Each structure stands twice: as C-alpha cells, then as structure tokens.
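The same chain A turns up in both complexes below, where it pairs with chain B and then with chain C.
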Partner chain A sequence: MDKDILLEVKNLHVGYKTHIGISHVLKGVHLTVHKGERIGVIGESGSGKTTTMKSILRILPSNGMIKEGEIFYQGENILEMKYEELLELRRKKISMIFQDPTSALNPLFKIGQLMLDIIKHSYNLEESEAKEMALKALRDAALPDPERVFDSYPFQLSGGMRQRVCIALALIGDRELIIADEPTTNLDVTIKAQVLNLLTKLVRERNVGWIFVSQALGAVRENVDRVYVMYAGNIIEWGPTEKVFSNPMHPYTQKLLECVPKLTGTEFSKGIRGRIPNYFNPPSGCRFHPRCDFVMDECKKTFPEPVEVETGHFVACNLYRRR
Partner chain B sequence: MFKYILVINVKSKIVRCVFKMRAIWKYVGKRVLYVIPTLIGLSIFIFILSRVLPGDPALMAAGPNAPKWVVEQIRHQLRLDKPLWEQYYYWLVDLFHGDLGYSIYTKRSVTVDVVEYLPASLQLIFLAALFEIGGALALGIISGRYAYKLPDNMVRVLAYIGISVPSFVWGLLFQLIFASLIPLFPSHGMYSYGTISPPRVTGFSLIDSLIAGQFDTFVDILWHMVLPAFALSLGAMAQDARIIRAGMVDTLQKDHVSLVRAYGIPERTIFSKYILKPSLVPAVTVMGMDIASLLGNAFMVEMIFQWPGFSRYGINVMLNKDINGIVAVVLVIGIIFAIANILVDVVVAYLDPRIGRRSA
Partner chain C sequence: MENEYILKIQNLKKYFETPYGTVRAVDNISLKVRKGTTMGLVGESGSGKSTTGHVVVGLFPPTSGKIFFKNKDISVPLEKRSKELKKDIQMVFQDPASSLNPKKIIRDIVGLPLKVHKMVQTKEELEEKVAKLLEMVELPPEDFMYRRPVDIGGGEKQAVSIARAIATNPSFVIFDEPTSALDVSIQAKIINSILNIQRKFRLTSLFITHDLSLMRNISSEVTIMYLGKVCEIAPTDVFFQKPLHPYTQMLLSSVPVLTKEEEELKPKGIKSIGEIGSPIHPPSGCRFHPRCPYAKEICKKKEPRLIEVEPGHFVACHLYAEK
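Right, the complex of A and B next:
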C-alpha cells in the first residue's frame, strides 16, 4: 500500500507575508495521491487550493512561506530537496496546468521558443529532436496544425488553443503526476467541455496521477477517484468520489453541493451565508464555525479530529465526534 | 530529393526574413509620415510664438543707440514689416533651400551655426546615452534581481540621489573631485592645450579625428567627454534604472513566470530571459525620451565644461531674441525627439510582437 503512494502532503502550513501582517492561509493541509490515481480538490475561491498546488512544486510567490509540514514525493521530501533535485522533479516528474492560459504564457515569446527552452533544459536533445518532441506534444493535445501553433505568439491563438498549449506542455515527457489547477475556469463555456474531455482522456490513457482542482463539481464527480473538500486552508472532508457526493457529511460540503444550480429547479440556491474568513486573523477552532448552522461551543475552541464515517470517507467535524 | 526539400526550406526562410524586414520598413515609413505633420505644427507654433512675444528683435539687434532708420532697415531685412503668414511662407521657402535665416546674434546664417554647433552636442549626448543605457540596465537588473534586499536598497538610495540632484551639480562636483582634487580628467573644453583639431569633414570631432588618422586626438576628445557625458547621463540613468526595477518586480509576480519555474527552467534563465524582456518594454519608451531630452538638458553641463555645443548656442539665441535662431533650435530638438520616438517604436515593436503587428 505504502509503495503505491506517489505524493503525500502532510500537515502543510503556509502563510503570506504582507505589509499589514502575515496571512495564515493553509492550516494543516494533507493530501495523498496514489500511482495513477485521479484526485479532485473542491472548495470555494480563496480556500487555499492554488496555494497548496503551488507549494507542491515550490513555486509560491516570493512572499509565500511554508511554515510547517512535509510533502513527500515517492518517499522524498520536496521541501528539503536541493535546488538541482527540485529542478529534476519539475522537469520530469510533476507538471502543472495553470488556471488562466492567457496570463500563464509569456506574451513576448513564441510557443515554440518556450517549448524548446523547456525541453532543452529537461532533456539533452538536439534542436531538431527537441522540436519533434514539442510538435508531438502539441499533436497529442489535439491542436490542429501544430507547426503553425509552434510558430505563433500566444496572442495569435484563441483561449482554448492556449490552454491546449499548456496541456501540451504538461504532457512533454512521461510525467507521473499532472496538477491541473482549475484548467477550465477561464474558458468559454463551449470550449470548457472540449478541453476537459481532452484532459480526462489523456489522463486515462496515460494512467498518470492527476490532481484536478476545480469549481466545476459535476466535472469532478465524473472524472476523479477520490475527492478532497477544502475550506479556508483546511481539508474538511475527503473520500471516494461517489460517497462524498452522495452522502456529504460536513455541513460545508452539504451547503457547497446544494449551491450547484439544477436544470430542473426554478430557484437559485441561497448560497452559504457569510464569506470566507480573513486570513490575517482567522477564526479559532474550526474555521467554518462562524458560517455553520450547527455550531457548538467546542467548535470555537479546537479543530476537530477527522472521523472515518464509512470506509475511506473521512470528515473533520465535531458533529460526528459525538457519536 | 532530400536536398531539394532543404533548398526549399532555406529559400522560404530567406523569403520570410525579407518579408519581416519589409514589414519593419513599412512600419518605420508610417511613423515618419505621422511625424511630418507634427513637425509642421511645431514650426508654425514656434514661428508665431517667437514673433508675438514682447520685445523688438530689430531694436535688440541694432543696439540701444542706433538711429531709427537702421532699426527699420534691420526690420525690413528680417521681414518683420510683413504680415505673419507671409513671413512664414518665405521662411518655409528658404527652408527648402537649406536656409534657416539670418542670425542677429552670431551675425551669420543660422544654418552655419547649426552645422557648427550641433555635432559637438550630438556626440556628447551619444556618449551620455551609452552611459545611461549601460548604467540603467546594470543598476536596474541588479535591483530587480535582488528586490528588497541589500543591493536593491543601495541602488534605490543611489537612484533617489541621481534623480533629485540636477546635472549641473554633478558637473561641478565631478569637476571638483575628478579634475581638480584628483586630476584624472580634464576640467573643460574639447581638446587639451596644444592638440591640433582635425580637419573638419563631418563636424563630429571624434569621427573627423579618426578620418584624419589622429588617434591621439580621438582619445583626447573622448577623455574630455567623460565627465560632462557622465554628469549629463546620471538623472536619466537613475530614472530608467527605477523603471526597469519596477518592471522586473511587477513581472516577477506574473503567472507566466510561475509557469517557467514550474517546468524547471533555472532561475538565471528566468531572470535574463522571461523577466527581463517584458520589463524592458516600458523602460525603452522612457529611455528614448530621456535621451532626446538630454539635448535640452545639456545647457548647464555644456556651460560648466565649456563644451562648444548646441545647447549653449540655444540659450544664447533665446536671451538675444534671435528669432531665426530660436525657431531653428526648437525645430532641431523637435526633429531629434521625432527620431528618438521612431527608434523607440521600432525597438518596442521588436521586443513586443503584439505592438508592431496590431498597427501594421
């Protein structure tokens, strides 16, 4: 069992230094990805999903700091890696697809220049071989006329094509883990489905580990094996996708799933009252307690220990500790 | 067969290259066309301004004790007795004959003055521009690379001093320190005592000395230019270093930098390539304008170092209300700004592919 584990994030605490103080975003995040497993991470904007993903590759902005925690990749702690080892990890093992393909591609460089630069740094290849590899990746990402895309600047491509280019980047070489940080959030509705289908198809075909961060709950439900629910820098519920979606335990998860608009419904959901907390001075205990309908005294004091409610389905909520 | 494909490939590359060149020339041509109406507008504006301002140029040229008929004669010579539009028309006709009019300050043709004084200033500004670009790049990159750390803080303090202290103060200071206390550089002038000036070919003494094969003179002139050029360049250098730094700090936060970092591109390449290039786009624009405005700012520095340049001439014609001189000086500065603008546009279009292609 242990050998199967590809990535394991343990008790991750991350904050950002700003001029008005430290913003304590992640408070003990944990995450496990097995080989070839597809993981979903859901939660509202600002809950620390991107911060977690950026911590894994250690590409946090310069004011971000990892205060505590461990991130094991096949038994090696990423946070203690030397710079050369880290480069090797970023070049060959884990790749990441960013949220907004428009801002994730440098506007002043051709797609080809960027791809060649990445490939040449990762593999010791001749120019022509590197180009072949790049074109193959573009072809794999279902880009029509890869030669033209290779020779284009990002502004000459449509949004969907840009995200396909980013997917192509993530496909270069044989990666073991692909992190997709809200890959479809900034795309047109019509393109969303295409890009998502492409991505899920590729992930299934290649049998790579996949972390799919998304707000699109339907897409998550269909495409991942296990799902993690994040709220305000905590993982509050996790388990096999079907169990979490059909039987949500945490009050936050219940509310979150209610928020999905239904085609048959005549009314919009009311949403969740309140808003995500201020990270400079976050609520004590369970960070959800100011918005929770079932709040109890002890919720304000301590963060609840996770309880296994069904096999593999955990929830961190005081409601279930009582039982 | 294979050879054939190769030939086609090479050919298409050349064709593409030529096409690109043509696109650039088309772009430059367009810019030049935009500039012409600007310059005509500027000439009309300064022409009218120089003639409606209070003070009688003819009276000033003739002197306080001159009899009335002399003043009238000068006024007639300068065509000041004719309506403004007629004056402008004749001025324009003369301009196309290469004649900028008669200077009442130097008592000769303004064209001769411009040809004599402008090259000296241009070569000084050229050296100052080299200092400016080199210094701004070096300081800006160091500052951006080590943002909020010691080197950055040092550069930022230096930049504040550079911006707030005017160039003539630097000139005096350098003269005192590097010419007087530590006599490393000459304190003023263009040639050392006893140096023979090269025969005039282009007017640029540096080039002329090379043409005449007087290498010693070349070095001597360069030696005389170091202090004034450096004093002149400091303000702009400091400002542009700050702009490059700000650009780098700003770019550092961008997603595309996270992306190249996430794909294992080493930090050094990230900075020298993916962060530097976007940061240069705003800096180049300001740099071009800064360099062009050096010509206007050079006045005090040219005075202090007794450099026989154009800025000094410009101030003198203004003080003497030499109307033809004033118009010529302003026009020359306008043309230099226009050239700088076009150069900036070309460089920016080269750096940022989005700009050239959108408007082409």
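Right, the complex of A and C next:
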C-alpha cells in the first residue's frame, strides 16, 4: 500500500435482536479508506449501508450487536476503545452527515447555540473564539449571510440550508474522515447538485477522507475515487469508480446499473426479480443466488472468495473464480 | 384522430389561503394532452405539479380557469362531477403506504371501484376481475388476493394502487411520482408494468415526476414547471436535444448520470445557484430571475409569455421573445 490507510473495516458481522429473533444483517463487510480518499458505498435500501456506517462510529441502536470483526482507525481498533477515547474520536476525527437535516438539528436551539456547544466542548475555547470558528464554518459551507443563519432556529431555514449547516458542523476543526449517509436524498434536484458540489469541494480542499453512502448511483459515480457495491450485508464488488461503472462484473451490479433510467432514453430494464432477502433466515452461500440468472450449485453452498479481475477491481462471484 | 386533445387546461389557477398569505400553487397555466400520449409534468417541490394533478382529478376545485376533458368542462367541484367522469379519470399517488386502506385485503381494495361503479354483480365475478387486474401488474393473484397492505413490500403496494386505478377501465390516469419512494430495481418493474398497461389500453396519462431521466423513458411530451408557472413545453426528443429555458438547462445539468453518452446531453456552462422562491411572495416578473444567469432588467419587471419557438416547442423566457 503506497498511501496511508485511515480506516479499515475487516470482516464485520452485525445483527439486530428483535422480538421475533436475530436478524443477521452484515456478513463479513470490509472497507478501506486511505487518507484523503473519496469512497462511495452503493446499494439498495436494506443492504446494510447505514448499519456499516453506524458500526464505525459505534452508534448502533441498543439492539444492534457487533458479533465479529475489527474496525481500525489509524491502527487502533475502534471496537476496543474506551468510552472517553471514543468521544474524542467522534468529536475531533470522524464526523457524520445524516440523511435528514431536519431531525439532525435540535429544533429548540438556535444554530449558533448548537454550534457553540459542540465547539466549546470539543476544543475548550472561549465564547468569542468559538463564535469566530462557527461563523467561519458557516461561511465555508457557502451559506449566504452566516450571521443570520447563526441566529436562526432550524425551522427558519430551508432544507438545503439545513443540510449546509450539517456540513458546516461536520467539518469543524481538523476532521480526518467524513461519513455522509445519503446527504442529498431529501433535497430537490438543483439543490442536490449544489450541496454535492459543496461537499466534494470542501473534502478535496481539506484533503479529508470521505465515505459517501448513497442509492443515487449517478451522484456517486461523479464524486468518488473508489466505489463499494453492497448487497444484503455483503460487499460484492469494489474498485476504482470508472472501472466498476463502465465494466461491472457482478450480476447484481450489472442489473442494478441497467435499472437506472438513462437520459439517452435507451431500452428500459425489466428490473431484478424477487426482492432483498429476509435477514432472519438469509439465503445460504452467496446471498444473491435466489435472484441471480447465472446461479450455479456452488453459489448455494459457499460465499465466493473475491477475485481481482483488473487492477484494484475485485468481485465476489463464482462466475469469475475459475479463470 | 391521433391529434385529438383529450385534456385541455386553460389559464388554470389554484390558490390556497393560509394564515401567512395566499399560496399561489398553480398560477395561470395552460396545457393540452393528446389522446394516447403521456405528458410528463416535471418540476421541483413547490412547483405546483402535484396540485395541477389534484385539480384535474377533482380533489380541489380550481380557483379560476377551465379544464376540458373530452371537450366537456370539468372545472367543477368533485360532488358535481358525474359518476361516469370519475370512472374515466383515475389517479395513482406517490406514497403507496398511505393510499391503501391497511384494514382491507387486496381483493377489497382493488375491487372497491368495481363495486362503486356497479361493474360486477357477484362475488365470483369480483374475484375473477380482481385476479385479472393483479395479473396485469404482475402480482400472482393466488398469493396476493387475501393479503393486507402491511404484509407486502413497497413496490407491490404501488402495483396494487395501479391495479386499482385501472380497474374501472379509465381513459386517463394521473401518475403522481409513483416510483419516487421506491428502490431503482423496484422502480424498473413498476415502470414496466405502467408502460405495458398504457400500450394495452391506449391510455392517456399525465406523469408527474422530478426525475428527468425517468421522464425521458416514458413520456412523449414534457412540461417543465417552476413556482406555479410553465417554463417550457416540448416533445421529449426535442426537449433533451435542445432545452431552451435557463431553468430547464439548470435542471438538466444537475442530473447525475451513469455514462459518457449521457454526459454529452447535459447543458454546459450553467451551474445551479440559489433556491426556489416562496409561493406566497413569488419574485416579480419572471419567477426564475433571481437564479437565472442570463437575467436582464426586463425579467424583473415583466412576466414572459409562453411562445411557440418551433412547432410544438413552447418556452416562457424573454431571451426568446424578441426573435
């Protein structure tokens, strides 16, 4: 590895306890982020994207349990950190931007108060210095009239502005890794483009690592260096963005890309038959096999070992194993 | 007969009174839909596209203006519409979960319009018809007939809504963002059944969406709306080759795409800026002027008229007025 590794998730298994049994969501997820690298994680709803991200920050709901695996942040295992170390990590190193900016901001406090609390707590600064830092963060997030935003309640701002505030909050200080979980899903098309442009610009300028989780395949393609494709709690394909999108190998990735309507108006896809599996009793072997057109006997038995099909482009599918 | 207009909207206005002022949701729009075609109605939130659909189907009476359906004036409150007319215009809503009665089984949900319009006499007849409808949307009747909405997935719920909408054999169906709550693989399936049904019944439809790529694949004509006004109307092919209105260009340039061919279709040299204005106090003159890179003095004062720049291609913008 030529570049330094910032975050490494290894063989992560996560499940949720529910009143009708244990749902086995993640089954051996792995992920690597280098310093300053932009990573995309794509997959449909219920594929385990958010669960993976929440595991990294250890903010899973109380019924979530990490059964197996390791998450290294600059060599330290996050899963073994003490509470204080974990707080320090969340305050200064890794931050997260959520899908819904409305529920991410406490409606009872002004934006300024929210920001000051966070900054004062994390950096032990005086009120005036903290305010300066907050205003700078708002200005960097391209918010018009930062002073007014500072003095507003969340409900007084539009959805796009609220998400910009969340971005400003996430980028305060010297962050090293930003996790953005569907940051633009709730926004309008033109606002989406604005917010994404802002995020990529800031991430590039500050050279921070970025994990961009989204179902919007086009948005991921246009903004990241490397992409991971998730299906039913597994990473099934990963590699440099351009290679994965122009030459998808896994049958699921191929179908998924076909399903996206194109501006050129080419023949419309028939969709993927079946639906995402039930996690209480997931399919054996490759979890995609009940929906796959190329299914073989061995797919039902074992999860395929990943194969490197071209430099840096890996696929976990039995179709490519015998080469 | 091909050129016959089935729906004509003339100077339609729909205002809503709120404690903060009058919301001008739809402000003086006119459009026509040809028999057997699909008109795509595109816009961001607050553009008035859904309100237009709701007024056509009769959920709200128009504030002023006329709607003609098969040359009959239908701009009357719902109570005054004839049963025959209600049978002829149907609607599929955006959120399948809240538009299906959770207490009823699928047979009764799809069968209700059949009973209301006295299209079936006996229970056997009802079940037989419902089974046929479910087959049309690719739901195996034996699996779905006796289940309730909570037991089935989002895509399947939307398929049920579509089956219900076509139960009365309507000639006009309004689809209000039928797939925006669904995953792409499910979306592809639903769109396919919509396309099949349209072909089979020679259905005319109004398809409301914010997704331009989807629009490309299903509609024959496109209408772009912004803050209650129509910006541009064009046949789909022409629209994507030659978008004229600056807002349309901004919208198109904001669409994230998957391939290089698509990228070539995106207008260059325009960037998304600003946010959609308030429908209570809309900007003066052309409502898009605060965000428009080409805005001139006249745009702030005078509202542009919708003019025909080439056959079938209409645009409301001062840039094209003097030519």
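Here are a few things to note about the model shown:
Quick note on the criterion: the second predicted complex is superposed on the first by the 318 of 323 C-alpha atoms of A that agree within 3 Å, B and C clash if a C-alpha of one lies under 4 Å from a C-alpha of the other, contacts with A are read in each partner's own complex, and residues count from 1 in each chain.
Quick note on the criterion: a contact is a pair of C-beta atoms (placed from the backbone, for glycine too) under 8 Å apart; a residue touches a chain by one contact, two chains touch by 3 or more.
No experiment lies behind these values; they were computed from the predicted model shown.
Three-chain overlay on chain A, with chain B and chain C fitting side by side and no clash. Looking at the shared chain after the overlay, A:Arg90 reaches chain B, while chain C stays out of its contact range. Of the two partner chains placed by the overlay, only chain B lies in contact with A:Lys54; chain C stays clear of it. Once the two complexes are laid over each other on the shared chain, residue contacts for A:Leu114 go to chain B alone; chain C is not touched.
Of the two partner chains, chain C is the only one that A:Thr190 touches; chain B does not reach it. Once the two complexes are laid over each other on the shared chain, residue contacts for A:Asn106 go to chain B alone; chain C is not touched. By the touch criterion stated above, A:Ser62 is placed in contact with chain B alone, chain C being left untouched. Put simply, if you stand at the Cα centre of chain A and look at the Cα centres of chain B and chain C, the angle between them is 80 degrees to the nearest 10.
Of the two partner chains placed by superposition, only chain B is touched by A:Phe98; chain C is not. In this overlay, which is a superposition and not a single complex, chain B and chain C have their closest Cα atoms 9 Å apart. Chain contact summary for the complex, chain A toward chain B: residues 54, 57, 59, 61-62, 87-92, 95-96, 98-100, 103-109, 114, 117-118, 121-122, 153, 155, 166, 169. By the touch rule above, chain C contacts chain A in their complex via residues 44-45, 153, 155, 183-189, 191-192, 195, 210-214, 216-218, 236, 240, 250-259, 261-262, 265-266, 271-273, 275-276.
For chain A in complex with chain C, the residues that touch the partner chain are 44-45, 158, 160-161, 188-194, 196-197, 215-219, 221-222, 245, 255-265, 268-272, 275.
Contact residues of chain B toward chain A in the complex are 147, 252-266, 269, 273-274, 277-278, 281, 351-354.
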